[in-house]
Amino acid sequence: MSPTEKSSKEQELQKEDLLTIHSAKEAVQPFQYSVGRYGSLFLEEMQERKRFLGVRCPKCKRVYIPPREVCGPCFAKMEEAVEVGPRATLMTYTIIRFPFIDPETGDLRPVPFGYGFFQFDGADTLFQHFFPIDDESKVKIGLRFEPVWREERTGSVRDVEQFVLVDD
Amino acid sequence: MDRAAIIGIGQTKAGGRMKDFNYAELLYPAVVAALEDAGITIEDIDNIVTTSNDFWDGRTISSMATGDVSGAWDRNISCVEGDGTFGAFYGMCRVLSGVYGTTLVTAHSKGSESVSPYITNAAFDPIYVRSLGLDMVSACALQARRYMNRYKISEEQCALVSSKNHRNALDNPNAHLQLDLSPEDVMSSRMVCDPLKLYDCSPVSDGAVAVVIANEERTKKLGKRPAWIQAVSFCMDNYLLGDRDLAECAALTKAAKKAYETAGISDPRKEIDVAEVYDAFSYQELMWTEGLGFCDSGEAGRLAESGATRKTGDIPVNPSGGLLASHPVIAAGLIRIAEAVRQIRGEAGKMQVDKDVRTALAHGVNGVAGQSHCVWILGKE
Amino acid sequence: MARRTAIVATGQTHHRSIRRDVNGQELIREAVTRCLEDGELTIDDIDAVVIGNMDHFEGINYVDCWSVDGSGGFMKPTIKLTTGGTTGTTLGIAGYHIVASGAFDKVLVIGWEKNSESDTTGAINTAFDPVWDRPFFAGAIAGLSVTAQSYANMYGATAKDAARVAVRDRRHACLNPYAHLRKEITIEEVLASPMLSDPVCLLDMCPRTDGACAVVYAAEGVAEKICPQPAWVLGASSRHMFSYACDADFQGGSLFSMQRACPDLYKKVGIKEPLKEIDVIEMYQPFSWAGLIWIEDMGLCGKGEGPKLVWDGVTDLGGELPINPSGGVVSTNPIGATGLIRCAEVALQIQGKAGERQVPDVNLAIATGFGGCLWTDLLAYGKKKPE
């Protein structure tokens, strides 16, 4: 068979319009993540008493937030709850400008938004949250921030709306 | 030739919906128990292999959640995504490679956190099969029908397996379900997916398990009651259900053959003293006992009827109750290994079989309807 | 029985943004076929298959089972590993241990990804803790840009310094027929490209790519029969620490896992002066800034001195220690394959088969992996079989 006399089968295989199967918003995988004992205590403090709790390692004395059962470096069980913050120092940050699909909602997350890592007074690890970017020039590493609480709180990290510069 | 042994085992009691614990909090007690059981501390652990599944956990790097509680801090670590028997295989390789002396192998799963048909549906080919809505149960129902049809296996024979395993689990403090089910109870349970009735199916459980594997040198130093690894062999069949002969388990037969060769076993029925196999469904225990060579093809129904696979029989299968009583996915195969270790040590309590256990077999499966099998042979020596 | 182990054959696809012409299995098969050809092997010669990718990019569960048609694992022992971005090097390390252990003589290791099939950032977000991290996180770009911000703040490095790294890698990629992006860029173009996440611009960041890579590991005694110059594994190291995004210390933006993995690897291999002794590095450098920060964390120079090393041309092809002669990750990034491509490229360098991107006289080469919560994997390969 000459190259020009391709069978209809071969012609089909060379089709330009290659297919794609879409598995989109209709395809969901719902989850009920267990927060765990430590996280539950933390979220409850946030919701009920607008307080942040960390846990302290009995060996190295580091205070972790978010709280968890085991200090990774020491492999030790932690049991001491410690209040931290509410003020925090901005340790690093960025401003997210590119759109992406949030897997939790299936929708595009609105951008731009300020995303910062805050070190609460008294804590050794950092805490992620949003900060306002109406004046980007104001944001610098080392500045002090404080949380803005929502009126209606549900026991989630979003009970804090965002962190704002401390007006001192 | 260097050898390796399992020197420590630890397990949580499996449950239905353990909502008080996140993945890390579920696994940590198992790790602590395994270290205690081995009589060592985390400092004696040279490296770690965790086992998890991104879909079951709802996290695409599922190993991230369990790093801290597995001793990941400043240690070499890796993660296998597959049944725990595969994870433990890699954990064993990492000591036999000469690089590390001990490996901590962990496995966890919380099936309760999502909807299992969605999770297992994701295992099916997205182009041709997935939209049909197949999941693990319906696929295994197809296999059950093929197998039972070819070999004239009856639902009653399957029910015997389920009843045996559920009753065995009454003596297993770690089992999720502890139900005193008679074969009649199984037969009259509601049809889930023909021919699988409720009690022909394993539950989907929450649970975690950890084992410590050590090379020969460290076993002699640290291991108090080692279970020596005599062979590990695994093999994977074709993928699309229609490409496979679902009534046979060719991959298991091949894996078992290689394991027996390595371990120097010529008559598994006689030389294996107890077996913990991956009975996600009652028919599967029958199929796998054939694939493992405990009886000829198609004879497993009669084997079950004879009582040979009971705790008191000559080839006890799943004295722990198997998956039918307790099924944290991913962890299930590693739990089979842990149960086999208990039998070898003579520490299985009321689950201990009625004979001297010198050689035990543990078996795990990955994928749908027994596509990929891993066979472990453990021994007192 | 512990045995020395080497990479004896490699294969990769021509990496592209979107490979609409193949489904995942076919993509894998392309790399596998090329790899077997490279080693003059058939699939029957392969004793076991080790495969990996990052699950949520394609949404396929139990990929070891699904990929049979592509991997050749039919009726063979097959196992899957995944650790996110580090998957490729995790696979490279697994091939090494599995063969060294004596379990098999010849193992086919495959890393692959069809990143076009999903929203990459969205998928990466699911890697992180759903309660604490996901509401705020924006994938790798966010996690990396905060380290760059921190580094710049502490050491005064500039966007221009970072851009010089991207320019280097993109220039190297022009010599690599497999690379995804094969067009040079200038510093001005990098600085002018859209800002993704301060301070990281589009051209600072890796693309997302469809691609696959396969290598064969063989044991001593077998390796030498397959290829004249096996790439011997000298050692490997991994540090996968931190369960929560903010557990890392972001002061100065250092890659802590790299700072811990390198001493472990150097000790295993006997490296005392990395800048002098290492001949080439294929670094999993997902964005330009990492090319400044992580070379410091590898001990090639002191903290804050990364820019100078780069501007001096030390890390260019032709320099004292070329980094990413393949073009690296900013030129090509099929995530599950990326780490394994580092191993394959390093093997090609040792074998003398790296074509136009060949570094002369490669005796000791390092492949690095990155991913997860700022994790590091390292592998060292050598021309000479280790003692």
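By written order: A, B and C. Residues from 1 in each chain.
Quick note on the criterion: contacts are C-beta pairs under 8 Å (C-beta built on N, C-alpha and C of every residue); 3 or more make two chains touch, one makes a residue touch a chain.
Keep in mind that what you see is a predicted model, and the values were worked out from it rather than measured.
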### Query
What chains, if any, are shared contacts of subunit A and subunit C?
B
#### Entry: Pair with more cross-chain C-beta pairs in contact, given B-C and A-B
B-C
### Message
Please tell me the distance, in whole Å, between the geometric centres of subunit A and subunit C computed from their C-alpha atoms.
### Response
26
#### Entry: Where subunit B and subunit C are represented by their mean Cα positions, the distance between them in whole Å
33
## Note on the structure
For the pair subunit A and subunit B, the C-alpha centroid-to-centroid distance in angstrom is 35
### Query
Taking each residue of subunit A in turn, which ones touch at least two of the other chains?
23, 31, 33, 35, 39, 68, 72
### Query
Where in subunit C do residues touch two or more other chains at once?
56, 59, 123, 126, 129-130, 241-243
### Contacts with two or more other chains, residues of subunit B listed in rising order
24, 55, 58, 67-68, 72-74, 119, 122, 126-127
### Query
Which residues of subunit C touch subunit B in their complex?
1-2, 23, 52, 54-69, 73-84, 90, 93-94, 96-98, 100-103, 123-124, 126-130, 235-243, 260, 264, 268, 371-373
### Task
Could you please specify the touching residues of subunit C with respect to subunit A in the complex?
20-21, 56, 59, 119-123, 125-126, 129-139, 141-142, 145-147, 149-150, 153, 194-200, 241-248, 250-251, 253
### Query
Which positions of subunit A touch subunit C when the two form their complex?
18, 20, 23, 27, 31, 33, 35, 39, 43, 64, 66, 68, 72, 91-98, 100-104, 109, 115, 117, 125-130, 141, 156-158
### Message
Per the contact definition, I'd like the list of subunit B residues that touch subunit A in the complex.
### Response
18-22, 24-25, 28, 42, 55, 58, 67-69, 71-74, 110, 112-115, 118-119, 122, 126-127, 130
## Note on the structure
Per the touch rule above, subunit A residues touching subunit B in the complex are 21, 23, 28-39, 68-73, 75, 77
